[in-house]
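Chain lettering (A, B, C, D and E) follows the sequence in which the chains are written, and residue indices restart at 1 in each chain.
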Amino acid sequence: MNQVEPWVVLSFSSIIFMIGFTGILIRKNILVILMCIELMLNAVNLTFVTYSTLLQDMAGQMSVFFIITVAAAESAVGLALVIAMFRTLRSVSTEEIQLLRE
Amino acid sequence: MESLTTIRPELLTLSSEQFSALMPYFWVFGATVLAILAAVMRSLSPKWPVITVVLTGLVGAIVSVAGLLGKEPVALFNGMMVSDNYTHFFSLIFLISGVVTVFASIRYLDNEAMQHPEYYLLVLFSALGMMLMASSLNLIVIFIALELMSLAVYILVGYRRTDRRSNEAAVKYFVLGSGASAVLLYGAALLYGSTGSIGIRGILDFVRANPAALSPTFTLGAWLVIIGFLFKVAAVPFHMWMPDVYEGAPTPVTGFMATGLKAAAFAAFLRVFVSTGYGAGLTTAIQTHLHDILWMSAVLTMLFGNLVALTQTNLKRMLAYSSIAHTGYLLVGMIAGPHSEQGYAPLMTYLVAYAVMNLGAFVVLSILATRDDGGLNLHDFSGLSRRHPWLAFAMAVFLFSLAGIPPTAGFAAKYILFYSAVQANEILLVVISVLCSAISVYYYLRVLVYMYMRDPVGTQTRSPVSVWSAIAVAAMVAATLQIGVMPARVVYAAKKAITSI
Amino acid sequence: MELSPVFFYVFGALAIACALMVVLAKSPVTSAFSLILVFFAFAAIYAMLGAHLIAALQIIVYAGAIMVLFVFVIMLLDVTRDTGEAGKPHPILMALSVLAAMSLLAVFVWAFKNTGTPAILGPFTTEAITAAGGNTQVVSELMFSEYILPFELTSVLLLGAIIGTVAIAKRQMSAARKGGGK
Amino acid sequence: MAWLDSHLLTATVFLPFVWSLAGLLIPSGTEGGKTSLKIWALLGSLLTLAISVLIYQRYIPAGPEFQLTETVAWLPVFGISYSLGMDGLSLWLIMLTTFLMPIAILGSFNAVEQRLKEYYFLLLSLETGMIGAFVATDLFLFYVFWEAMLIPMYFLIGIWGGKERIYATMKFFLYTMVGSLLMLVAIFYLAYQHKVQFGTYSMQVLDLYKLTLGGGTFSSPQSVMFLAFALAFSIKVPLFPLHTWLPDAHVQAPTAGSVILAAILLKMGGYGFMRFAFPLFPEGVAYYQLTFMVLGTIAIVYGAWVAMVQPDIKKLVAYSSVSHMGYVILGLFSLNAVAATGAYYQMLNHGISTGALFLLVGMIYERRHTREISHFGGISRVMPLFAVAFLIITLSSVALPGTNGFIGEFLILLGSWKANPVLTAIAALGVIFGAVYMLWMFQRVMFGPVTHKENEGLKDLSAREIAVLVPLIIAVFAMGIFPNFFFQKLEPSIERFLARSIPGGAAVTQVVDPVTSSVQLVMKGN
Amino acid sequence: MLALIALLPLIGFAINGLWYVAVQAPPGGKKAGATVSGVIATTAIGGSFVLSLLVFLRLKGMPAEARVIEQVVFDWMTIGDFNLEMVFRADPLSSIFTLFITGVATLIHLYSIGYMGHDATPGKFFAYLNLFSFSMLMLVLGGSLPILFLGWEGVGLCSYLLIGYWYADMDKASAGKKAFIVNRIGDFGFLLGMFMIYDKFGTLDLLALRDTVLQSSSAGLLLAADLTAITTICILLFVGCMGKSAQIPLYVWLPDAMAGPTPVSALIHAATMVTSGIYLVARLNFMYSLSPTALTVVAVVGVVTAFFAATIALVQRDIKKVLAYSTVSQLGYMFLGCGVGAYSAGVSHVITHAFFKALLFLGAGSVIHGMHEEQDIMKMGGLKSKMKWTYLTFAAGWLAIAGIPPFSGFFSKDEILWRSFSAEHGSFLFWLLGAVTAVMTAFYMTRLFSLTFLGSPRFKEQGEHHGHSTHPDGHHEHGHGGAVHESPMTMVFPLQVLAVLSVIGGFMAIPHMSWLDHWLEPVIPVDHGVAAGVAPAMEWVLMALSVAGAAAGIFFAFKLYADLAKVEKLKQRWAGVHKLLENKWYVDELYEALFVRPIYTLSVALWKGFDTAVIDRVVLGFGRVSEWSGQTVRVVQTGSIHLYAFVLLIGIIATAGYLLYGLA
């Protein structure tokens, strides 16, 4: 057995995904939350690549290419929003954004 | 070993059909580019040139979509995208809601002192994203289109940059939306993994070919993709973001989100839903379970939306919850679709009606909103019928329509939807739905009570009504009544559209 | 899968450890640097899986561009020392969150374990790719033929993102523009 | 003429609405504008009345079931069509509507001074809705009119109503709306069943009559759907215990609103039972017959009792409506020709009498701005003409023979005795209590010395008010003395109604128990 | 022609009513015209009388068995098999009723011209009177039960209107309402009886009904169940009679009805309307005869009412109240007659009673008129000289009611008493109670007569005659004004005519050679059957006994009331009994406590306790529960992004888990 079973790789990526998700749940710093989202996207990328290799198909890798680009744009927008938020709230904590509720 | 043919130059040429099928997108994108140019030309005062270009683009797109109606489907870009009636049907919804949003925004932005060309550009971008969502046949393209739409909307939501609520809404929406996008993407990955294809047609072919080989990952993937859409349409339990975001967003944007964005999500949802073979080859166990889940979700969505909307005093937030409730009705159509004669046509009809009446309502709110989106509490509506008789009348029409009372679009569409659910033998669901919509009557009518039956409180001034908003409102009133009285045409169009998938 | 177990487990463990660091670190800067490490680990795994171009992009775009942006923003906002973190969430909440994530993970893992290898295999075997000029060549060729649409769309998306970012992050709208075009 | 015939109903239905749309153009700022607006509305309603007389004249009882029909496809894929038609059941209710509308409009000339344009617009649109519901032969179309009718009424109560108008109008709207939604589901199910049984969707009432649906148990389709329909109609009627919206709505509504509400809207319920609920679900009717008869009986007595102790005249009249409409239910569920005719007639009577009562209350309200019984007393001396009119209407309401009320109650009870003597006996108590509450109220308002100074100077009826009341008074007596005039055009429709509503169909003729049959044989032998 | 009998008064009503509405009622309208109104009304009813006479003569000219004149005016209600014609039918029974009704009514109309001379709204009064006559004629001429019922309720209405004629007095208005409502209770029975008849016999036409019943009974087709039904029907209809004819327990309205103008009391509450119950029983004798139980009920109620009312009449002070209770009592007699099967005896008492009671009332009216609205006999006395004609005619009525031969009352009453003893359904107890009542009748009538006309005046006469106020309320307000005076000619003339009739009226029904029995035979089979064990000679014995009793009553009363101090002493000694009687056995209070209060309380409880507290609370409860759940659920929207993400995660787990569970 000098090969890793596919499900292990896939599970690995889903572990990363869940860690990212957990980050959204427990971190109060929005910057960190943004990072966690990047983690999740990376996990997805890994899944794509794994499948791509597994299926001997390039679509997965192509997707990853686009996902990386989109992720970059998304981070840019996200960071811009955080900056805007910081300007009005002087904070990047999620505790400050509970004005809209119920 | 055969050699790989990766270079296929034929994919890079466009036939004339393909070209004309792409015209709407060219219109919109072209308008975007031109508007950017117009905006950066310092010598021009930026407002009107940009608006003119933007509107021209949107109207041009509408015209070219109208020209495409009824044509045979055209596959584009190696089948990653298709131009069929389904696309056109939804494109019209997006484009019209774009136009209306622009109309409603002109005076609104002046009021808020944020009359920037970027705003209109972002509307165009998200409209483009929506159109692509409805037309793409590839999960990755859907994802990109979704992101294109969402990113623009994230910015629009946070567009009142100095306002806390706007910021908050934007950040919330961004975080949760990105998370949901990631979930959707994960689903796409799993679908890809289990079917070997990232294209919807490919997935469908796989499902048709190997109904027995459907694996857990396939199911999970399909479901995660669907969750991505359910998040966008705010079905319980994926709805939590919606009220906050709707409330915080600038009012015209809220209207745009409530109609265009929701319709786009449903457009893609429906395509994937139909493609992943709900009713077309899944095992009965999965189908039953999928049905159960959607059923529960629909019920909870209707209940939650309506019950909480009951307790709201801010109109925008109330409409947000009501929007959740309407998602519930749409899900009823989703459930009924595969088993009723008209399929998903009633659902699409309802989307149209919903778009029309909701846009109308939000335009009215945009007109009435005072600076920083104030003045949208119930008591601000006291005696509106004295100050703005026509506006109040229009609002009354929209509210009656939202409540599903004849002779309005909301009535016709809602009951066509429920009718088809009865055809699908979903009696209990329909009973729950009608009871929920009975609850909704209360909070819609409460607004009418304030507008018509209470005297004005304090000194309220007449808000100026711009010609553009007036046109938009009048058009929406006309459409609401028109669809209400003559729903047949929309139903047929929807039917044609859905069969063209 | 031609993935060497040893390398995979090493990089995998590194990635998981760093990912946990991202979530658990007190300082956002620590998180950011941990994240960069995760990206590197991923890049390694991509490379091992034969996705060489992706591996490169992972480092260039993610570690290079995105993370720089993050760090830049962290500095810009001066939140290096836990400024925004007004306290940990309630332990029970945390436990619940972790529990939920673990359950979902369990669902996933169950799904992966219970799914066999797909029967249909595509033509892009390692050998074929090599024959066609290697991973980068194949990806590029596909990019500009079959995947021209998403490619172009990504550019539109980037344009949109730029405009949006500018619109929202500009410090002040110039006073001259405030009135719009009256 | 043929063209006219096939569009007569459409014309009648939409004339008021179109007319009132045109009325929106009249500038209402000035006094003259206001007056012309009033005249315009009155003319519109009179014109509708004139057209409805044409309908009366065109309708041939011996002819086909639905006449003056008109069908236009509306949503063919769902079997929904715009189809109108009328028979005897529709005829008199249309006539009642068009007859009362000018009266209600004339009656509100002085009562409403604000937002005139909207007011008359809503009144006339309401007429469109009501007539529409009476002539729709497509269930969906019926439902559309049924619901659309709520809108004008909602505003009429909500804008021009009394102090508690908002509560009242919301209650009215929600009660009715909630009740009718389940009916809509049932309608859909019927159309679906039509597809199952005949291959096409249809909402045509004549098509749906042909459906065969299971019945006899609680959960059988007929029972369930009957209940869904009955809920909607019972609320509208309103049947005990679903009546509580009525007192509030009546008390708060402006005079014309109360008149229309009591006189016509409530009839929608009875009409719905007769046109839809009964013929569609005969076994459902059979299953729930006793239940509804009991409820009807309770409504009669309960309504009367509660009416008796009301301090507010309008509320009293409202509860009297509950009582009177209880007779309608009792009569309908007795399932025989006499009772059914009586029930139908009672609806007309109630329209006339209660409409008139509300007008009268409105007149005195305009003068005194109160409706508390205790604020009156001795009015008879101050306003003798008013007293005469009030007396006549009161008597009609207590069903004195010779007035319209008697015919209805007599026939209902006569017929229901066959169905259930015990309940009939209890229901007949309503005859006593009806007299008690009406006369007691009459006495407290009209008789005795004038106890309040404000009442001393009240003006007697004006010429306009007399013009409002005289047609009603004439109707009271005409209907009491010449009921056959009405029955003639009604009879075939009632027969068809019964033929469909009794399981097994043909058993229209009265069931005679064996003991008396011999007696009757002897009689017939003579 | 038949229809015209009824229609003439209706026309009179229309004319007078319109006149009232158009001229008298409007503000500032003319407030006079009693004579014109009166003449119109009297002419109308007089015309009816003439027509009735013609009808009577025509019937007389026919062979006995064919004495029916029928006129169908139009079809009233036709629904399938059910057909009701507006049919008038004159046969011996109705013609005799028509005759005395129109006759007495004409006289009373005439009398009213004088009596109501100063009323403010004579148009209204005479319109009501005419309307009453119309209804009464409908009642007796109606060929089917519903038409009869139309008249039946119509007379009730007029009674209501006329009792409350002086509506400004709340008590009078209440009295009217009470009359109507109590009558309605009776009508409730009537209606049910009618429904049952239709159910059993399939017809409501009186002639058809009679044929059906008689033929099926003679053919032996009536089974036990049918007979039970007939008993029920008869009793139900009799409930109607109890109401209309003021029998226990529904008699309470009649004494109060004296609030109306005296001519009204005479016409409606003595001569005509209250006898319609007897008419109904007599009309339906073919059914009652089939049911011994029903007959017994009728007889018992009748005799008990007769006795009971007489006891109350003994102590009343209001001249009209005495007469009212006497009316109740006499009506009891009539039912006693009917109840023992002597329908024609009942009818003959109806007629004689109409004469003498109308006479007594009109006389009382004349007294009241002359005394300026004084009604308390304790404040009268010695009117003999002041009102000669009134005195003389009143005396005739007094003797007639007391049963002194050969005055009319003697014959009819004695026949009833005899038959109550001797008939098949009779009993000694009936006779005994009847006879005791007769004695009491003689006593209290004598008391009335004596206190009013004899002795010395117990009132103060004051100066000049004051004019009557024209104030509408004024009729009773001006109290004892001017001098006591004899009434005008229009009032005295009817008294004279009635007095003559009271004297000679009895001769039409002399026992054993009764013209009336013979005349009624086609409708009411003559049955002189005597129960086994009753000797024919007993008739004479009993007759003598009752005459002696009456004489004794008269004697004792004269003796007693010659000295009022003695009366006082007697009152003291029997204080309890006196109080009981004076308060009419507390029946009104009893009813109040038993029915009125509880129902009122119950109604309030239902309104506040059920309508508002239960139904509305349930209804609003739905709203409140919705609102409450909304309020509860909305708390979920804490605004915390973490929670939102958490819910999203949970949603994924739950749905995905459930979905995969389907695969597992």
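One rule holds for everything that comes next: a contact is a pair of C-beta atoms (placed from the backbone, for glycine too) under 8 Å apart; a residue touches a chain by one contact, two chains touch by 3 or more.
Model, not experiment: these values are computed from the prediction.
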Chain D and chain C - chains in contact with each: B, E
Shortest contact path, chain A to chain D, counted in steps: 2
Chain closest to the middle, measuring from C-alpha centroids that were averaged per chain: D
Greatest separation from chain C - chain, by CA centre: E
Chain pair bearing the highest count of C-beta contacts: A-C
Chain whose mean Cα position lies farthest from chain B: E
Centre distance in Å when chain B and chain E are each reduced to the mean of their C-alpha atoms: 78
Whole-Å gap separating chain C and chain E, where each centre is the average of the chain's CA atoms: 102
Computed distance of Cα centres, chain E from chain D, in Å: 36
CA centroid of chain B to CA centroid of chain D, Å: 44
Junction residues of chain C, two or more chains touched: 89, 93, 97, 100-101, 104, 107-108, 110-112, 114-115, 118, 120-124, 128, 138, 142, 146-147, 150, 154, 157, 160-161, 164-165, 168
Multi-chain contact sites of chain A, meaning residues that touch two or more partners: 10, 20-21, 24-26, 28, 30, 33-34, 50, 54-55, 57-58, 62, 66, 70, 73-74, 77, 80-82, 84, 96-101
Residues of chain B whose C-beta touches two or more other chains: 6, 140, 144, 147, 151, 154-155, 158, 161, 170-172, 175, 179, 190, 193, 196, 216, 219-220, 243-244, 442
Chains touching one another, given as label pairs in label order: A-B, A-C, A-E, B-C, B-D, B-E, C-E, D-E
For the chain D and chain E complex, residues of the former touching the latter: 171, 174-175, 241, 243-245, 247, 302, 305-306, 308-310, 337-338, 341, 378, 380-381, 384-385, 388, 395, 400-402, 406-407, 410-411, 413-414, 417-418, 421, 424-425, 428-429, 431-432, 435-436, 439-440, 443, 446-449, 459-460, 481-484, 487, 491, 494-495, 508-510, 512, 515-516, 518-520, 522-523, 526
Chain D contact footprint on chain B (complex, rising order): 341-342, 400, 405-407, 411, 415-416, 418-419, 422-423, 427, 430-431, 434-435, 437-438, 441-442, 445-446, 448-449, 452-454, 486-488, 491-492, 495
Interfacial residue positions of chain A with respect to chain C in the complex: 1-12, 14-16, 18-23, 25-32, 34-36, 38-39, 42, 45-46, 49-50, 52-58, 61-62, 64-66, 68-77, 79-84, 86, 91-93, 95-96
Residues of chain C defined as touching chain B within the complex: 107-108, 110-112, 114-116, 118-124, 127-129, 131-132, 138, 141-142, 144-150, 153-154, 156-157, 159-161, 163-168, 173, 177-182
Touching residues (chain side chain C, partner chain A) in the complex: 1-5, 8-9, 12, 15-16, 19-20, 22-23, 28, 31-32, 35, 38-39, 42, 45-46, 49-51, 53-54, 57-58, 61-62, 65-66, 69-70, 73-74, 76-77, 79, 82-89, 93-94, 97-98, 100-102, 104-105, 108-109, 112-113, 115, 117-118, 120-125, 128, 135, 138-139, 142-143, 146-147, 150-151, 154, 157-158, 160-162, 164-165, 168-169
